[in-house]
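Labels run A, B, C, D and E following the written order; every chain starts at residue 1.
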């Protein structure tokens, strides 16, 4: 909002608290995933408050329900900014919800910290992306498959933007690397009828399956997959949306040995992760697991706090100006904000699902990967690039 | 057999029948007459239990049955043939009969007896009742009621839409059954000739109130006419 | 070729799943005219019954066999409560039952979320139903064969009961004319409650069976609901025969269409086919006519 | 009371009062954010008026209004995206979301939506025309009652699925990020207020149209068809035509509401038009009173407001509240809020009779 | 007298069952034509056929126009009106609204979309004629059975039907009401053709101009009241032995 005064900020930090928003779906289909993110945000806020807060101020959370609906996300984001006058908002999961909120944050010149891996090709001044972009998740996963000798791939995904973009990238990658894409299928979000798709996968004789299905569909897909007799040895499935949370519902007997690509697993051995996992379990129960989006959400609060400390202000412009290079010793390793595109550096990891329902790193990138949301560093991706 | 005391009933919150007193003795046939909309059907519906009683009471064999659901009253010996040739449209004619014969010891024989009474129904047993002609449905309805071997038969314009020669049959059947003993009849009928022939007593309803009662002997025609005319 | 055989079987299997989900509806909706939008949540309750049973019993095979009847009772009991509290007051207002039961569905979903948590839980498939059998060169999952068999059994039992037993006649009588049934000595309250119990119980059974192939989460059930209603509509209200044919036809159409197009378009295709089909047979495949004007 | 509003003077004073509240009080009392919210709610109210007509008066429980709402919204959104693209990259430019989806060439069917006139014409004609076609297909074949309800619900489902699959229509994400509304910058608070006034004005117009339809002979005919469709045929009317008119009017209202919704809210996606949102449209109508004229408006506003207010305070409780509202209102108060007055009267009458009887 | 409607060789077949089997029938203006016959003879089915509700073979011609294959509402607009064995009126609407709707099948869409300011003259006249002028503003749902049937007839009259097919119009009526109805029918029939399906023989004897007897889907006899009453075949299948008794009843009444 350059021309108008509509974006006059009402953030008030004169007292000894600073308000932030937590905007996640607590109802509707996405509440499954987003409540876990909410838990991680609260954990981080509690820890920071216990350690003295940000610039000496206690963080106060204003919570809102996105209700799994993009319009509600937009409405609630506007409410948090204009009525509650929060300094920043943490939340969102689906790209649809992010796309709905983006103009709200831009028009009102406020900040969103978005914690989920996504399809890239976006960089807003008003959003900090703490999940992976495609070159920190999809491309490493492809590299791994190519390394293990996969020559043909079958693509299965839910019908929305992330899988579609991911598959566009995979197709470009495959064309460049001589990998054959033998099939590409999309199922409605929430669909549980996978007989046809699995029959086709089975008949295709592909070396591996790249799976971008989301949510409950994974349960039906993997059951069908196992039931027609396909196994991880014959035809491994590389998934990018199945984390520790989902494995239980799918049933370990259906998915043991399959692969996933993320930046974080609960099993990562590092002091930061041990602290995180212990704190999380102490807060929410020993039976709970931690996962990549939770970790990214946890990180996002710390990154915001660190940036505010560095800027010495909660002002949006100051935070934007100070963000570059801010880092955090996170459970997945050191993450650093790229001031240019507002993404963070991340370490890519391929995980294997084992009998205990957890994912174990079987491969990891040499150090953290710089974020490249527009895939400018990849020649084969030239056709995918967009003008910003 | 049946005694109505100060019975008031109607639809929703509007009473249609007001404070009716009426009695049907054992083996007696009582005809209720009255203009269209006088409340005859409403009265009968209350007696069988299809609409609630607002005040007053309905006694069957000296016992108040006000609060019993219709099906219990039927099991206690009432049978009802509603106005308008009603049947279970989606069941076959045969199933309509078997439905009420189910669970009765001599169900088959009972059905047969009715088919002898209404031979026109025999070839129609396999046809869906909803497809029958109006008169065929009415015959079916009467047959269905008789199968339950009622002690009190409640008929709402039973001859409406029935061909003359069958009307005569029905008439003689009713007189016959009542004459044999064990059956009382409460009959609503517009057809004066039929009503006075079949019944031993009559009551005329006007605007939901009993306007006149009496025996069906000589002069009854005039008294009914007079009660209805005003 | 293999694929085609596979797809034909898939159609049959999808059809049997639809049928299982729709069978209860063809009683409560088709027979009684109640548009029970909470039917999906009764299916969901069946799923959680299977889950809880498995937690208690342990052995997946034994628990499946126990869960089937228990699921019937759980679904049926929920149906009874719903019928007693709400539906019985609404028999004259079928469209209103749709909205009321939609509200019930919302509440039940939230209850499931609060009790079992939002993420899906896992119901383990028994050893004897794992893997597939080879049919004409394609691997057909045993779970699907099991569901197919279950659907056949359930449909046969329901159809025979409705057609040939006194109870069936009573159900059809009450459905046709409640007042008249009362005066024929039938307790319409009892029949209504009984019919709703069975219809809802069948949803519970469907739920238990569906844990073999799908997920068990608060929103499971929803995904089957609209398709199940379409099956009943296309088959003709209250016609079991129609429901069977419609379920298999829609399942096969979807499976074959999906092979040459996408799963999403197949869903749209199903809708278009039904609208076109209703042009030819507005009251569904098999209908009972009457001469009344109502 | 109700008698007064049936008179000519009553009607005018009713509209006057509504106009005073909508154009006077609300903008004065509400913050810019709340006024924007109210504009959004008014869009729902416009849809509700149409449902009241089709369902309350015509007996057609249309569970698929999301389809028409969505059509209006998407058509408007297409124009706004075109305008934005043109502003950024010149005439014929590809909107941003298409670039993301890898679409480099503007699809032909998008091209005419550069024209505001064409867009408005399409918003008025396309959804209505579709409703007429579908209405004919369905009503001519005498599909009605529960059949119609379920079919219309399936339609909403199918439409949402279809849109999700169309990358050139924004797919699952839908269309968002609009800068201009017919040349006016949406960032500007004054223009946001103007949008609110448009919504309020359209609502009044729609209510007036519905009022006329109800009071006309057509309105009586519609009730006649609702209660005894077959009989109407024997009087020489084509009952299907009568139903189609109400259905199409409801579709038109929904489409216009959708078209206003887009600039007000800033996004339209399949999530706002599928099965569940379509049923939610019904909730307000049921609560307000399906058969009354202003009931649906009041109900829609009340539900939308309650949702916002309750979900701020008790996020997950809203689901329960929604469910219970459906149950309680429809089961116990089928006439909605509009029937409360009549009900109290009856209740008093009843207790009077009970006393008299006792 | 002019011929209003000619039915030739009508056959109606329900899955092999011949409900109407080669019926010829003409209805003339100026007469009240009774259709009688045993239950299930096919009377209602014949009416169904003429009004477009049942599929048939053969021909139905009104004023030179073939009606077979036309839609229900087109047939109605050609001036053929019918009532049903059970009265169906629009219960939620008032008597006047019922009649107004019935009067308006030919109205332009434009006039439909406007408010009714005054009752059309023909509606007022018919209200008078059917004796419901006092109940013009009463919702039809709370009318008595017989009044509903008069209203139904009135609805046909305002709709300018000049062939009226009435299926048991006096079912459930009392004596005076029957007489009133009978006179009404004759009044109506002065300029129209009226066909009445009835089982009430007193009523038929009192008001029939001509009688056609159907049996098993075919015409058994046709002629004046006396001709058909004395036809032994009619007595056998329809009137029965008791029709003497009926005659006595009628005499005492």
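Just so we're on the same page, a contact is a pair of C-beta atoms (placed from the backbone, for glycine too) under 8 Å apart; a residue touches a chain by one contact, two chains touch by 3 or more.
In this text the structure is predicted, and so the values were computed from the model without any measurement.
The chain with its CA mean position farthest from that of chain C is E. When each chain is reduced to the average of its Cα atoms, A sits farthest from chain B. Separation between the centroids of chain C and chain D, computed from CA atoms only, is 32 Å. Centres computed as Cα averages put chain B at a distance of 28 Å from chain E.
Averaged C-alpha coordinates give centres for chain D and chain E that are 45 Å from one another. A straight line joining the Cα centres of chain A and chain E is 75 Å long. Residues of chain C found to touch two or more other chains are 110, 113, 262, 264, 267, 291, 293.
For chain B, residues that reach two or more other chains under the stated contact definition are 131.
Counting partners per residue, chain E has 44, 86, 88 as the residues that reach two or more other chains.
Chain B meets chain E in the complex at residues 33-38, 83-85, 120, 124, 131-136, 138-139, 157, 160-168, 171, 190-194, 197, 221, 225, 228-229. Residue ranges on chain C touching chain B, taken from their complex, read 166, 169-170, 172-173, 175-177, 179-189, 238, 288-292. Every residue of chain D that touches chain E in the complex is listed here, in rising order: 212-213, 215-218, 220-221, 223-224, 226-228, 230-239. Only residues 48-50, 69-72, 74-75, 79-80, 82, 86-91, 95, 98-100, 102-103, 128, 130-131, 144, 148 of chain B touch chain C when the two sit together in their complex. Every residue of chain D that touches chain C in the complex is listed here, in rising order: 61, 63, 134, 137-138, 141-143, 145-147, 149-151, 153-155, 157-158, 161-162, 164-165, 228, 230-231, 275, 279, 282-283, 286, 316, 319-320, 322-327, 330-331, 334.
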